[in-house]
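Please read through the structure below; I'll follow up with questions.
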């Protein structure tokens, strides 16, 4: 290590000996997040409150899912640019199905369930195609998924014809915007169902604890974090990202594994799409300008992954997303325009990689 | 190499003759500003009128985002067909489109601007942008004022309001904002606490309005200036559990918003008359070309305000965008 | 046996030129199916409409050949358009002549456009930040700065003579009467205006001059040779004495120079400066480079290929408009062409293998 | 005869690790010597010191009797020390003659204004050097990617020879090659040595080294443990020295 880095700015050996610095280098994203939370609590009005944290988390929920799926791909040494539009595509299809079934007189429960499942299943198709192109036909991931980016975008557009899809069963919104627990000073605790409050003062003082979508997301993330860190599948993912040849020689069915990984990424995007239906109560095609996939990649990298593969965790990715979300919300609460967040995200992204470049010893020193 | 060159030249020669065909019926072209329900409805209105008058209507591709760099190439490609008798379009920039449309006008195609305009929109005085036959469109500034007034009425003339806008780059929504600000000035107890731009991403609008509600717990009203910001605004209010507590005014009567109004989650929708605009363009254009009629330089079709009271009236239904 | 070889040779030459054949086929198709697609006017439209993609893609070609990618160019266009427009407006307001204001505006934009390129290059070459990340960071930063600089609104009131420059043509020809160079004949009656033929847009001329220069640099000079070497094997280049770091910085500066040139062209064409200008063209540019035969792993690609790739996209866009086919088909079509391009590249190595001998 | 290159008491450390410990050796013009040793014995580091990649903490280097300091690979190249690494350092996407001239391209004036690459000159020169080394490559315009391992090796060698290498260091030249290819490379080594080029070969494959080298230097644990004339030793003895079952001559 020292051999190849002896021209870097720092003397790595010396830094490597300091435990404090080691901890800093390894957990800098987390520490940065904490510092930011403290800073914004002082600078922003009403930043530090349960409701605002709910807002932050709800705001980043799509990104959280997209980035976690992307993490698998990036760890395997690939990249998936199609996720943003796959999300839009699934969001549109799934809401069209819900709307049409509901209009055809099926029960809301059936319509919602069928719509969601169909969306999730359809979302697997782009993943299979991506994976097949990458693994079997050896198309570089950047290109294969960029092609899918255009195709998913076009299809979503075609299906929605540019209109938002409305007229979904009302329960969609109730599910998507509910919380696990409510606490009202007037009526006490209630679970899942919002207490009926009429006074504005009471509505404002209502405490809402843990949004339901976050419960789902956590559930999905925990499973996949487990898969990545504790199972053979996860182990192989790192192996492929580290060195494909070695993985092949070790008997891993690399093409099949890669297909699975792209399917996972696509599945996460589909989940995000279905979640979006529940949150927004309508199907919206992801806008051209929102660059979801790029922000997802940024989050994964801030979370400690490397685009060359073999590195990264779900936990780190979650921190990365939180960092972006908090920054966004904090700047908003401080009254800075949306454009500052682009600058801030850009800078943090570069800093993340620089830290990764110059503290390699620290980051790997367990 | 020589063979290739000769082949290509031959192909070119043949091709230039292929397209030399002419049609008898009048052909109008419509170039929308961006892909959204407003322009879709306009197209439908124009199509209906065109069918009635026996005019063929060619619609340019809907630009995927707002801006001359998206619109101009499509517009040029549309006009390059060469068989168009009249163009009506919503210019995406008051300045950038002047030379482009001038060139089209110079090549012999009369131009009508609809919904948005060139320069300051006044074609009656001499200027380098007074060549379009007419500007047909809503007075966005006036609309903004009306919304401000109606919102103040709903709130009893007192309260804090927030404006969720889309893109500071778009003249029509900025006019709405300016109108809204001007309208609020009439009510000394109304206060505008903030403006955010969601860049037409609904999720961003949700996040921004949520943050605004967080920052100003005593917020009384939100004005969402277009479909995405309005939908985002009411989503944020619903998710904060404040339906009914925070009044929401919106612009553009899409079915989705009307549905929300019927559910009493919204309070006010200002409907422009895109269908009417499209139909007017075709009608005036037809009259101009066939009868040589003089067209008014500015046609303002007005608008309609939906409230929870009148939304179910049979008379109101025609104002919904479909 | 001989026939087989002959067939193989034909096959190879078709594969090697497939993008060119594709382009010709595409134009052929639209000319037959569309209305007046094959006309001087429309061909010029395609070129003008492709200006930004052409410029971005040419710069991007250099970066992609070295094995990197430059995502910042999308918003760099906006940044430099804002800088250019702002400078012009403030200089004109300060009493400078229009010509001076325009010249200084353009130069300022081009010069300030080199800075982000330098930073990108520095991050990539010296600090070894992966290019994807470094330039994506710059993507956000450039956009943010552009928006702040112009206060979120497009820059207005630019010098009026810009229009005649950006929308002007090299020649004007009124059949049988006038043949003008550079300036549009004045005092024409409406009938004459209708018949006026404008030949070769100024914007296209400028674009192709720069593309030509850099195509030459890439294909014929030591700089180009080293660019390929770095993309092929960075260690080899380093050991052969190429100053890889400086070279990479230069390459990223070329890319951002082209982006700012695209920004200037934007100002010339649209007479305004906008922060999001060109952002949607980023992906088109990368796609054009890849369709043009470059590989994202580096070491391959030509400016000529890139130009054809960009025109394929532009011609497709125009063709679909001509046929009144909705937008989404464009995305689907481009996505498919892209994958197709790479597949051809993947499956024809044994055919293309001995290209030196053919 | 004066040695072409002499290194004396070279020591190189990385942090706490001593990679090369007080090693000395000489090589004479036209001589082929082999450096043998197990993985981690310090062979690679030693040649990297000679070729200017690493800078030694202690020791001296003499070239043609003159004390020199090699601070960079470029300096090593300038005095005529060329190194061919296992990865050959060829740009696979480029053709044969471009690789031979990589970094030292021949230029000509275009329209009397700009410097452009002189392809014709580079091609004819490459042809000459390939001929001199009796190397057969189907076409100079072939991309390196499409050549066999032995052909690549040959390109890398002719590249260094064209630039007048006096000393050629080869790191595992036959490792990735098939048997016939190995033969060709070894023949090439002999041709070179007969033309007066000195060569240092590092290899694991004993019989290769035995086939071409006249003298062997055996390293173990960063130290030079023995030096043998090839004809006066046997593979068994060398293996024993490498693994340490025979004590070395020094310490």
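Going in written order, the chains are labelled A, B, C and D, and every chain counts its residues from 1.
The rule is short, and it goes like this: a contact is a pair of C-beta atoms (placed from the backbone, for glycine too) under 8 Å apart; a residue touches a chain by one contact, two chains touch by 3 or more.
The chain list, named the UniProt way, goes like this: A = Autoinducer 2 import system permease protein LsrD; B = Periplasmic binding protein domain-containing protein; C = ABC transporter permease; D = ABC transporter ATP-binding protein.
Bear in mind that the values here come from a model prediction, so they are computed numbers and not experimental data.
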{"item": "Comparison of C-D and A-B by number of C-beta pairs in contact, larger one", "value": "A-B"}
{"item": "Greatest separation from chain D - chain, by CA centre", "value": "B"}
{"item": "Geometric centre distance via CA averages, chain D-chain B, whole Å", "value": "73"}
{"item": "Gap in Å, rounded to a whole number, between the CA centres of chain D and chain C (ABC transporter permease)", "value": "45"}
{"item": "Averaged-CA centre spacing for the pair chain B and chain A, given as whole angstrom", "value": "34"}
{"item": "Distance from the mean Cα position of chain D to that of chain A, given in whole angstrom", "value": "51"}
{"item": "Per-residue multi-chain contacts in chain C (ABC transporter permease), two or more chains", "value": "152, 276, 280, 326-327"}
{"item": "Per-residue overlap in chain A, given as positions that touch at least 2 other chains", "value": "157, 288-289, 337"}
{"item": "Junction residues of chain D - those touching two or more other chains", "value": "none"}
{"item": "In the complex with chain C (ABC transporter permease), residue positions of chain B that touch it", "value": "8, 11-12, 15-16, 18-19, 35, 58-65, 67-70, 72-74, 76-78, 80-83, 93-96, 98-100, 103, 106-108, 128, 168-169, 174, 197"}
{"item": "Residues of chain D that touch chain C (ABC transporter permease) when the two form their complex", "value": "73-74, 77, 87-95, 98-99, 102-105, 107, 110, 114-117, 138-143, 146"}
{"item": "Contacting residues of chain A [partner chain C (ABC transporter permease), same complex]", "value": "79, 133, 137-140, 142-144, 146-151, 153-158, 288-289, 294, 297-298, 301, 306-308, 337, 339-347, 349-350, 352-354, 357"}
{"item": "Chain C (ABC transporter permease) residues touching chain A - in the complex, by the definition given at the top", "value": "69, 71, 123, 127-130, 132-134, 136-141, 143-145, 147-148, 152, 275-276, 279-280, 283, 286-287, 290, 295-297, 326-332, 334-336, 338-339, 342-343, 346"}
{"item": "Residues on chain B engaged by chain A in the complex (per definition of touch)", "value": "35-37, 40, 62, 64-65, 194, 196-204, 206-208, 210-211, 214-215, 217, 227-228, 231, 235, 238-242, 245, 254-256, 259, 263"}
